[in-house]
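Handing you this structure, nothing more for now.
For clarity, chains are labelled A, B, C, D and E in written order, and residue numbers in each chain start from 1.
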Amino acid sequence: MTFEPIQIAWTLLGLFIVFNVGLLLTSTVRKIGARVGKRRGIRFFQPHIDLIKNYSFRTNFSHGIMFYLAPVFRLTGGIGIFVFMPIIYGSAHFSNFSFAGDAILIMYFIFFGTLGMALGAGEGAMPFSAIGISRGLSQVTAAEIPLVLAFLAVFIQNNSFSITEIVAAQQGGFLNWTMFTNPIATITAMLAFLGAMMRSPFDIVLAPQEIPVGPPTEFHSSFLGVLSTNRAIFPIAKTILYINLFFGGATNWPVLILKAFLLYMWSVVVGTVFPRFRTEQSIRWFMKYPLILGILSILVLQLG
Amino acid sequence: MSLKDIEKRTVIGPMGEEIEIDPLRDYYCAATPDLKMEQRKSSIPIIEKFANWARSESLWILAFGTGCGGIELRPLVTPKYDVYRFGIQIRATPRQSNVFIISGYLSVKTLKRAIRAYEQMPSPKYLLALGSCTINGGMYWDSYNTINRLDYYLPVDVYVAGCMPRPESILAGFDSLKQLIKDGKGEGAAKYAEKFEWYKKNQKQIIKDWDMPDYNW
Amino acid sequence: MVDSILLNPIYIIGIGLGTSFILGFFKSGRFQAHPSAMHSERIKTAPWVLMIGALTVMTFISAEWLWSFLFNGQLPQQIYTAGFEPPFSINLLMGRNEAFFTLMVNLVGLLSGLYLLDKFKEMGTHALSVYLVLIMGLNGIIMTRDIFNLFVFLEIASIATAGLIVMTSDVKALSAGFKYMIATGLISGFLLIGIIFAYYFGGSLNIDSLAEANLTTVQGGVFAVFLIVVSLLLELKPFPANGWGIDAYEASPVGINAVISSASAGATYYVLSKVLIITDAKWYAVTAVVGIITFLGSNLMGIKQTNAKRMLGYSSVGQVGLLLVILGLSEQLGNSFKFIIFGIMMSHYLAKAGLFWLVGIVKTGILKDWGILRKKPVLVFFMGTFIFALLGLPPFPSFFAKWTLVLTLSAAGLNLWVGLILFGSLIEAVYLFRWFGYVLKLDADKERSLSTPFYRTFPVWLFGLLSYYIGYVASVMVPGGETLGMFYLPLAFVGFLFIIDRYLPVWVKNTLSMAAMALYGWYYMAGLSEFRMLFAIIFIGGGIVTMIAGYAKSGKRVGFYPFVVMMYIGLGGLLLSENILQFFISWELMTLGSYVLIIRGKKSMPHALSYMMFSLGGAFLILAGFGLAFAGSGVSSISLDILKNVTRYSGLIYTFLAIGFMTKTAVIGLHIWLPGAHAEAESDVSPMVSAILLKAGMFGLVVLMLAMGSQSLGGVSLPYLLGWLGAITALLGNLMAAFQEDAKRLLAYSSVGQLGYVVFAMAFMSHLGWLTALAFALNHFVFKALLFLAIGGVVMRTKTKTMYEMGGLIKRMPLSFISVLIGIIALSGLPPLTGFAGKWLSYNAVIEKGWYFQGFLVSIAGLVAFLYCFRLIHVIFLGQPKDKFKNIKEAPIAMLIPQYILIGVIMLFSLMPNMVLKPIGEFLVQYFPDGALQWDGGTAVSSLGRWSGVAIMNITIGIFGTILIWLLFMSRKAVKVKQFNIFYSGEAPSRPELTHYGYNFFAPYKKAVGFLVQPLVTRFWDGIADILHSISDFVRRLYNGNGQMYAFQVILFVVVFSIFTIG
Amino acid sequence: MDFGLVAVVVGFLLILIGIWGILTQKNIVKIVIGFSIFDTGLHAIMVGIGYLKGRTAPILDSAVSPADALTSIVDPVPQALVLTAIVIGLGVTALMLAYVVRLYDYRKSLDISSYEDLKW
Amino acid sequence: MKELIERLGTKFPVNETVFQRDNLTFITTDKIHAIELITHLRDYEGFSHLVIITAVDWIEEGLFQLTYLLNNPKLKVDMGVRVMIDRKEATMTSSHHLWAAVATYQRELYEMFGIFFPGSPRIKEPFILEGWDGPPPYRRDFDTKKYAEDTYFPRPGRETHDPAEHMKEKMYPEGS
């Protein structure tokens, strides 16, 4: 695969779709949550309005250069994992720039945004942000423990890092999905998924009551706008990775959106049911069952 | 934080040199609000209108309950009233909020915090004042330590009368605020910048230990 | 005829006796019972001059004889007294050995005589004559071939020694002398009985005749032999019957104990060696056993000493023990025996005399007061010389001797002996290096002055320089010495640096050193290839880049550049070496140089010590490994290729060498020296030791693994073990780094983790694994040097290493911030920078090899790396700036330049990874043909995935730039606010210190996984140290200072000895 | 009766007594005396070993002619040795006594356990 | 309880005793012995808990009445120790060494009544009134209404009614 300029246009289109889907998914999920609480909840287009409002503030201020770079890093991280990933299996248009790297690249690119965000929040000089970062980094690295194992299991199973190849291997009936060919790895990955979605029980990072909003406390107006843009794209991009690795990928947009929604709902359902963990509790939790399951998933492959 | 904390002091640097610290100058940005910035509008009217609509439909309240009205805000997010429907949400940080609700009486001590929090919000920002205490002091009108008229210290966009107003009244207040913003009249922040000297004079008159810069960014 | 001009050796005795007789005619300095009136009367220096003259003549005679033996082919000459031939008269022999030993005795006698000028003035003329008699007695001991005459000379020597002690005015010395007399009296009694029985059964007193008599075959003769051997052994102060000797060392005046230690021990030792010919092999073995017990026991007891003289006493005794071992094993050592004895004896002789003289110059025995010596850097230099010589580090004779000893013993299959000798040497190193550390680091008492008259420093100078010369001689004599030419020129430059060290400013020396290193690299390294070239780039290229930071220092920086250059010579030598000798010398040079560099840090004394201990331990393991390889390969060659031909012990060799090398890479368990050593070192030393030096261990592993491939020990594949070890090291190292408060310590622990990663990758023994390791080695050098330099610059400005005391420095030091930012992105392996190359390659290697769980540990380690990286940059550069750092400046330009060179390297490498990885891959194919990486332009393609560094870089920059422009446009009118313009729940912060979240940053993480980073390893090694110290403390209580106890020990020794030998 | 053997046995006994004295007596003067006894024992052994039954002292005078010296005198070497040893022993004893004097000057004590300054 | 008072009476001047309830007694002592008495109560009589320190302004008598309310958790009885101090020279011995909380009460008393406790930690720091520069507001000679009117920009046109009168008038006009 080589690079062609038209690729940029297709990628941007994909990005635009994902961005809107992400925003709508956010509102949908919140609406569902509200309905559970017998409320009507926010409007479907509320995230869009919020975003516009954030970009239309009149005054803003900055704490320094990293304060600018943080949202940029963050969104670059989000968009990055999107553009390095094939979105629609079999579609030349929506394979993005996946020729540049493979699943390992995605795994590590996730941290690109995290790092930038943390740095910017740090420059905000706000102690609560720093506390939030400390919690966030601790928790995210803990959540990666089972994730790495589950991913390794998939790589071993397919003997490839290439997402396209992994998706290809899952074509031809849903029984070929990793979900069914390697259920333990999938369960592990889905447990790790919870940790990465910043939802209860793993939402202490943002803990609005104790450390006002956590790392992004000081971010406002257009800075917050860029971050919100990322909040729309990043979870979907991450979800797409999971879909590709565990749930057979997607051959067209509706399937992709449906799968993304279902996956997203998984964290919502869990989050609605379970109360929040403290940071060390969540780290310990990830080092228990998810870790054991992850090891099991690899052992199964090694022995079987 | 007290007056002592903004006194000048000397510290010893790593090379043994003496360093003069003037907290007000060294720790705080000295700029005051710029009227031009506060009134900045898009040159294309339709865009400004659109922006005003977005602002009015996305009101993020700063979670800061100042008096007995703080408890009246809670029902707003319950199924019965559910302000989320109207694009109203509660944020924990002033950086990300654009509505500040002064929910009841303000002691001088709280006023200082309220001023600080208000000034830390980015413009355009709106101030909703609840209860008679914010209007004329209410039942605390002759107290030695509570203010009588909020609009002498901060620019109020909408008053909601009552002692305390019920959530329905507050919802009505929000409606008025939305209309105000949509009409392009929600310019409390600009008013604050315009009459900045006057507000500061009033504030400083009653806040005797003025231990912060003139404007808190 | 040359003979005619040689003076008869009997003149040595004659002059000694005669002069001391004449000295009696001089008016004596009054003999004082109390020190108060001591200075009332001074003798003139005339008698002293006379004595010196006599000693000079004696020295000349021995020297002349030695000269003739060495260069004129002189034959040994018998000197018959009274004109009869033995056994009817006493005969002396002047042979090559005798000439050598008498020269030793006379030279040290002469120099000590010079040195003792003051003391002799104090003690009076009697002391002069007694001293002369002592030297004469020692000469006699060496030359005589008559066993009874030997006894007489021994008695003369010991009476003279005691006589010298009795003339001091110190009750401690007196009591020690008395104990000495009790013990020697008993011993000479036993000797006398032995002699008389030997005469009875052997019919002669002549040693040669006795040897022919085969006493050991005669029933009663064994008893005679036993008594003679045991008493001569006792004269050599064997452990544990040597308390009297140690006391005497401590008590006697410093010049005199130099004589006792260097000359008497040498002489007595020589006697034993000549008397042992009357015995048989069994007695040799016994001697060796006594020797090794003494060597271990004395050194063990040395650990707890706080007094220099006593400690040196233990060391002397220990060294003599080592000599006894060698003597006892002379049969097995064969041809090498003489060389080994020569090397060890010379080192001991020069170093011990020199050190004892230094004790006198410093005028205190209390080790912790020795910092005063720093007033005379030259003396510190010589002290280092002596200590290194004593411990057998290159380029001193004992190094070559020990080298030969180990190789020969291994070849003879005496592996246990090798182990014990090396262990003993390690213990000895503990206290000697601790002492040296005190000298280099402890604060001196400012009140005290250091008087260094010429007559006191001259002997030190002479012996110090002689150590080098003899080292050179030994290096020529050692097998393979002809290949050492590659060290001469570079080391000459080091010498040159030493000479100019005190006169030139730092920038001149820095420039000179850099130029020299560049030339060194150019001339020596240009022809290297493959691995060696790669490491040459890191060692020499990296060295030059990091040395740019040296320009930031002002003043002279005495004692820095010679050692820097020495370290790099060592590192370069590793690459150039073709045989194990060159390799080992390079290893030791590197260790030496880096030790001195490390100890320069403010608080690095204990860390430098543990560095040295681990390094020496590692070096000894390497030595043992080489020894085994030498033995196991079956070819008597010292080429490095023997590792390929090893047939025996291969698992053991592999283990030894791997552990030895891994002490440098600081694998978990052997890592405890690293954090302190790297953290406390100076700001430009840390990058050298952390980014560059550690790679030496890695190069060792490369050499080892390429030569030996995979080996197994006890059925376990060693690379497999290494893989686990590396993975665990990576994880734990990184975890520990995450919990540090000290910035440089954090980086140091990070190095532990990163090198664990390297070990892990190398253990794969596959193409991708090694590619990972090598790419990672390069990367690690670049980013760790970058980080250490940047943090070093910050520390230089802030004067603190504790991170939470800093904060918000981005405003003051933006350039350093960028360095650290780039450094941590590269370190944590985030795309698009270089670090990702290592991660990607390692995943490939892991899947290919099937080491999933190790791979898992390593990738978790990578995540943890992310934690400490963030902490590093956040707590230092972000958050609240502190008041006291309000005015600090950006790091000096000299420190920034290398940083930005390194950033350039990172960027280049990130943009064009194929430029580096491709050539590495190409030469790796020779060794690991399978599973090579394919290159499709700038895209790496493995069997599993693909990675295009260029594309990733460009796309990332594209996205990044777009968003940045968008954000800048949207917030174009942003107001720049200051540090307290933050939302603080309606309040305002009162002090920056209270608003900076930095202490115990990952508290929740620590709560959850803190159990993994319990300092178990540190506790383990501390426990070992404690045990050693406790044993030492327990054992030394044998010597309770009671003369009767000492006598009892002597007798007990005789009894036990008899049980084991004749009983 | 073999005088040689007697001398040797007595010598050994004296040595043992001497050693006993050295090891058990606290008084340093007594220790020196122990040494003297030890030395005497040594000398006795030397003489005893050198003694040949029925022979005379190795002095060539009118009683012993040089011609039959080899058969009629005892071995002269041990005799010479013993003389030397006695001289040396004397020297040693003298030196030890000098030590005793000087030690006593300092501490006014003859107990050996008072002189344990240097240890460990 | 009476026994206790008698016991105390033998040691300290106990001027006036009020038995409020079964489990609450007030005694009055003089300024000099007050702290001694309280210390005695704390250490020997089991009144280990300090409930509150409060003051009453007897402006007519020219006195402040300080009340130390102590609690005996074992017997479940309270005792108030009253001390009358001169209003003009409002100074009292500090008892911050007895309970950690005392310092805070004393800060409050200083701020609100102007009663000074020499040596009490942070006594002059503002407690709740930041930057207050008027007379102590709880003194009865302080006119709050006037102060508020002078200071807080009262809104013109504000009417004030007596709530009872107003209610009667507005809600039940026929009842009047």
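Everything that follows uses one rule, which is that a contact is a pair of C-beta atoms (placed from the backbone, for glycine too) under 8 Å apart; a residue touches a chain by one contact, two chains touch by 3 or more.
Only a predicted model underlies this, so the values are computations on that prediction, with no experimental measurement involved.
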Chain E reached from chain A - shortest hop count over touching chains: 2
Shared interface partners, meaning chains that touch chain B and chain E: none
Chain at maximum distance from chain D, centres defined as averaged CA atoms: B
Chain with minimal offset from the mean of all protein Cα atoms: C
Pair exhibiting more inter-chain C-beta contacts, A-B or C-D: C-D
Separation of mean Cα positions, chain D and chain A [Å, integer]: 99
Where chain C and chain E are represented by their mean Cα positions, the distance between them in whole Å: 77
Where chain A and chain C are represented by their mean Cα positions, the distance between them in whole Å: 54
Centre-to-centre distance between chain E and chain D (centres being mean Cα positions), rounded to whole Å: 103
Chain A, residues touching no fewer than two other chains: 59-61, 212, 217-218, 221
Which chain pairs touch, all of them: A-B, A-C, B-C, B-E, C-D
Residues of chain C that touch chain A when the two form their complex: 808, 810-811, 814, 821, 824-825, 828-831, 836, 839-840, 843-844, 846-847, 850, 852-853, 855-856, 859-860, 863-864, 866-867, 869-870, 873-874, 877-881, 939, 943-948, 951-952, 955-956, 959-960, 963-964, 966-968, 970-971, 973-977, 979, 981-985, 995-998, 1001-1005, 1007-1009
Footprint of chain A on chain B - complex, ascending: 29, 33-34, 37-40, 50-51, 54-55, 57-58, 60, 63, 78-79, 82, 84-85, 87, 89, 91-93, 95-96, 98, 122-124, 189, 217
Parts of chain A lying in touch with chain C, wherever the complex brings them together: 3, 55, 59-66, 68-69, 71-73, 75-76, 79-80, 83-84, 97, 99-105, 108-109, 111-112, 114-115, 118-119, 122-127, 130-131, 133-135, 137-138, 141-142, 144-145, 148-149, 152, 155-156, 159-162, 212, 217-218, 221-223, 225-226, 278-280, 283-284, 287, 295, 298, 302
In the complex, chain B residues that touch chain E: 2-3, 108-109, 112, 135-137, 141-149, 152, 202, 205-210
Parts of chain D lying in touch with chain C, wherever the complex brings them together: 15, 19, 22-24, 26, 28, 31, 35, 38-39, 42, 45-46, 49-50, 77-78, 81, 84-85, 88, 91-92, 95-96, 98-100, 102-103, 105-107, 112-113, 115-120
